[in-house]
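My questions will all concern the structure given below.
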Amino acid sequence: MSQNESLAVILESSPQVTQLRRASRENDGFDFSLSIEPKGIPELARMLKDQGFFLEYLTAVDYGQTMELVYSFSKWIEPDRVQAVCPAWPMEAAPSICGVFPAANWQEREVFDMFGLEFKDHPDLKRLLLIQEEGLHPLRKDFVAGPQHSGDVVETEMV
Amino acid sequence: MLRKTLTDDTFYLNMGPQHPSTHGVLRLLLRLDGERIVECEPVLGYSHRGHEHMAQTRSYLRFMPNPCRMDYLAGLMYNHAYCLAVERACGIEAPPRAQFIRVICAELNRISSHLLWFGAYLLDLGGFTPFLYAFDDREDVLSILGEITGSRLTYSYCRFGGVARDLTPKFIELTKAFIPKLRVRLKDYDTLVSKNVIFINRTKDVGVITKEQARDYSVTGPNLRACGVPHDQRRCEPYSVYPEIDFEVITADGANGEGDCYDRYLVRMQEMEESLRIVEQALQRLPEGPIRAKGVAQEPAPPPGAYQYCYESARGMLGIYLVSDGSRVPVRMKWRTPSFSNLSILPILLPGTLVADTVAILGSLDLVIPEIDR
Amino acid sequence: MITTLSKTWQALLDFFGPLALVLVIGLVIALTYVQINALFLVWLERKVAGHIQLRIGPKEVGPFGVLQTIVDGVKLLGKELITPRPASWLLFVLSPILVFTPVLVPFVVLPFGENLQVHDLNVGLLLIFAFAGLNVLAILMGGWASNNKYALLGAIRSVAQNVAYEIPLLLSAMSVVIMANSLSLRAIVDAQEGLWFVFVQPVAAILYLVGATAETNRAPFDIPEAESELVAGFHTEYSGMRFGLFFLAEYTNMFIVASVATTLFFGGWRGPIADGPWWFLAKVYLLIFGVIWVRWTFPRLRFDQLMNLAWKFLIPIGLVNLLVTALVLKLVR
Amino acid sequence: MSGLGQYIAHLFSGAWSLAAGMGVTIRYMFKPVATVQYPRERLALPEAFRGHIELIPAQDGHRCVACGECHRTCPSGVIKVQGLKQQASDHNRARYFFIDFSRCSLCGLCVEVCPEKALRFSYEYEQVWPSRYGSVVDLMARLHAGGGA
């Protein structure tokens, strides 16, 4: 897959990529998995967009002590899938890539909603799905779903 | 941003959460200037049940009924995708007969999902009758699938490494009878709706999505194919037995890569015919053999690592990102559902259109709201 | 007993005069006919819609579900009349009454049969169109008064629609009136002695039917009460018999529009063999079946397309038709 | 074609499409009815139909040994089963078996996971109870009362 090779070369050359791992799409599902510094993400996103990639999804994973952000980019016709993983929780907030991919707007709001991870200069970072309650981040490992989270009365502000 | 005080003479209209044409519990906060829409902000979360939280606290087997409840129109596809993802993580391979059965049922499920979309879309545009015809056809598909899965919407029919029950001769006979019947019906729908001048005026050049917008908002599925991009997961990243089945990816011949409501409608109608062809070929090529792989633990525990699986559901690309630490309960299971990004394009499609167009555009995107809120 | 009856009848006769009594009795009969006909029409629509959609329609109450509408009416009577607090109470209550009453007046001039006409006004057609214009006012009042954004949108839409479709209606009726050179419905029916006007004036007939479907807010022009966009349009907030009045008014309107179409274009009570009111009713119910059939086939037009259809399409054709008829009549006479 | 010609052509093609649409609906009007009049006629249930879970009647009542496998695997945690032993040496036999059908999602994992194959799907879909607590059904009582269809 010569096209894949050229992509590998570009990925190595980009400054922020700290470690690039090639994976096979048959048993892992993605071609390249690279770990990256949070501040390098917008630059990577812009570079991938020029290559014709689109943002499949953006999510976070909580491993108890640390949390990491996972970005997945793929192409339309010949799907090389690039997965960018960057450490999130103890580090400072990751910059938002809404400027490059508007699709990330809601996905970042959902990650903020479920994990409490902030995103720098996001146009309107507020909860996407859940009610406005401090500290309610259900997908965190330290979250315990008590009875008070099921079916209590909620006043949403009327417009 | 939207809640600033009203200086000009626009007024807010809450379309939803209870509204006849939002297909599920979605609230569109519209700012209207008379009939014209100035701004639109979808408000989500009304049917959020925390599927991903449940995935983190339950073993793979106990999470089996959940995927069908995420997208209740394409329940079997979600179940199929979930089993394929776990099989890829554990390195299991379903026997060929089971793979063919799964593909037949998934394509029948795609037809029933498109039929319901067709009926509901016409109902939104004011045509009451096609809704009943579409449901009559869909009833046949549901009774066919009910023959072997036992239920009509929430199937949980696939198991890790195979399927729960083998095809019965009655199932094959019913499917063979259903295929020509639906082809005749699709021709009737063609004359009744596709060529109807009122329908064409209501949907032509309404809610136009360009290729760049589709890429920016990562729109997938029939909405993307209506912009002329032949992106179909079954063809770009073939999985299961799709490489052996010959079918084409339907794209509307949208003028220079722009898909409007009418193109999206045409793409889905032709996709139904394509699915019929797939079911026909799969039925002919159905091999004999076992329907469950041997030696598969009921409670799988995939080796530690991160796995990703992409599947073509009725509404677009369904991605499952699985992080496992070797135990029977996943660390994280992210469901990338197509309607989430398909809806995110709405706020840029609506400004400038009329209220009646909102319903047309929303219907043409074929959204299922529980899939967005998860 | 009979003598007292005839004495009171005599006293009434010379006090009011014969014409007034005939009018009163005629109206009472027309009123009862309207009620029965509205109930029948509702049942007919649900049965036809059912069979078009591969289902049966009302079947449980009475033979073939005939009593279904009566039972529905009783249910509606039983329902509570909810008035939303922010609604301006007087207009909200007045609107259904104002929608229903003007619908009864045109029955005075409708020629059901040779001598089955309450009173033959020489400006019969004018009376019908005058009262047809009234119900738009009532709909606006109802929609606006219920202080609900959807109802407001529905009301404004119905005003624009009725204004836009009143003109093609009048233009097509005018070309018929020139041919029969009289506004009285009986004269129009007499003028169609040999040849029905639908063959002489096909364009005007189609124009009239399209305008009439739009006038009674029937699909594909049911923009004011578009269920899928405006929840229920102008009668969103109405419940109980108030909604029932809106509902019955719509069906009676449909009956009037169909009967005016038969008198103008399909030769009233004249039939190939024996003339009589049965021909009139047969034609009316055939037209109504056509309107029902159209409703269950087509999607709804968008609001601005509806306006374009009227202003840029129906009205120019109506004017041209009127001119051509006038020219031809000038040459012929 | 000139503007007017196109205008007329569009008019006729539009009118023709409307007429064709009406042709379809009138044809469907005379087609047989597709609906089933539910209380009077009933659909034949497929053989694999998943009704409410019930115990399989065996020679001395049922085969359940109260191992609790179904209790552990049920995603909504609605199964409560308890066994009883006359003496220590006897096999364990279930004495109480409750399922809360208001929260049961009929996924069938319990039927599949049961080592003794003691559960099955019934063909009943019309179960309704006056209160939410009525939905906690004692399968033993249903078994002795002759079980479902």
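Note that the chains take the letters A, B, C and D in the order they are written out, and that residue 1 is the start of every chain.
In this text, a residue touches a chain if its C-beta (ideal position, glycine included) is under 8 Å from a C-beta of that chain, and two chains touch if they have at least 3 such contacts.
Treat the numbers as computed from the prediction; the structure is a model and nothing was measured.
Student: So using the touch definition from the top, which pair is joined by more C-beta contacts, A-B or C-D?
Tutor: Comparing A-B with C-D, the pair joined by more C-beta contacts is A-B.
Student: Averaged over CA atoms, how far is the centre of chain A from the centre of chain B? Could you give it in whole Å?
Tutor: 24
Student: Just give me the whole-number Å value for how far the CA centre of chain A lies from that of chain D.
Tutor: Each chain's C-alpha centroid was found; their separation is 39 Å.
Student: Using mean CA coordinates as chain centres, what's the chain C-chain D distance in Å?
Tutor: About 49 Å separates the centre of chain C from that of chain D.
Student: Which integer distance in Å separates the CA centroid of chain B from that of chain C?
Tutor: So the centre of chain B lies 45 Å away from the centre of chain C.
Student: Which residues does chain C have that touch at least 2 chains other than itself?
Tutor: Those would be 52-55, 296-298.
Student: Please set out, as single numbers or ranges, the residues of chain A touching at least two other chains.
Tutor: none
Student: Show the residues in chain D shared as contacts by 2 or more other chains, in ascending order.
Tutor: Only 18, 21, 24-25, 28, 34 qualify.
Student: Determine the shape of the graph in which chains are vertices and touching pairs are edges (line, ring, star, complete, other).
Tutor: Basically it's none of the tidy shapes, so other.
Student: Quick check: in the complex, which residue numbers of chain B touch chain D?
Tutor: Per the stated touch rule, the residues are 58, 61-66, 69, 129, 133, 136, 139, 143, 146-151, 154, 156, 164-165, 168, 188, 191-193, 195-198, 298.
Student: Can you check the complex and tell me which residues of chain B touch chain A?
Tutor: These residues of chain B touch chain A: 1, 3, 12, 14, 29, 44-45, 48, 50, 52-53, 56-57, 88, 91, 215-218, 224, 229-231, 236-237, 305-310, 317, 319, 321, 323, 331-332, 334, 336, 340-341, 344, 373.
Student: For the complex, give me every residue of chain C touching chain B.
Tutor: Those residues of chain C that touch chain B are 49, 52-55, 149-150, 153, 157, 219-220, 222-223, 226-231, 295-305.
Student: Flag every residue of chain C that touches chain D in the complex, lowest number first.
Tutor: Within the complex, chain C contacts chain D at residues 48, 51-56, 59, 293-294, 296-298.
Student: For chain D, which residues are in contact with chain C within the complex?
Tutor: 18, 21-22, 24-26, 28-35, 37
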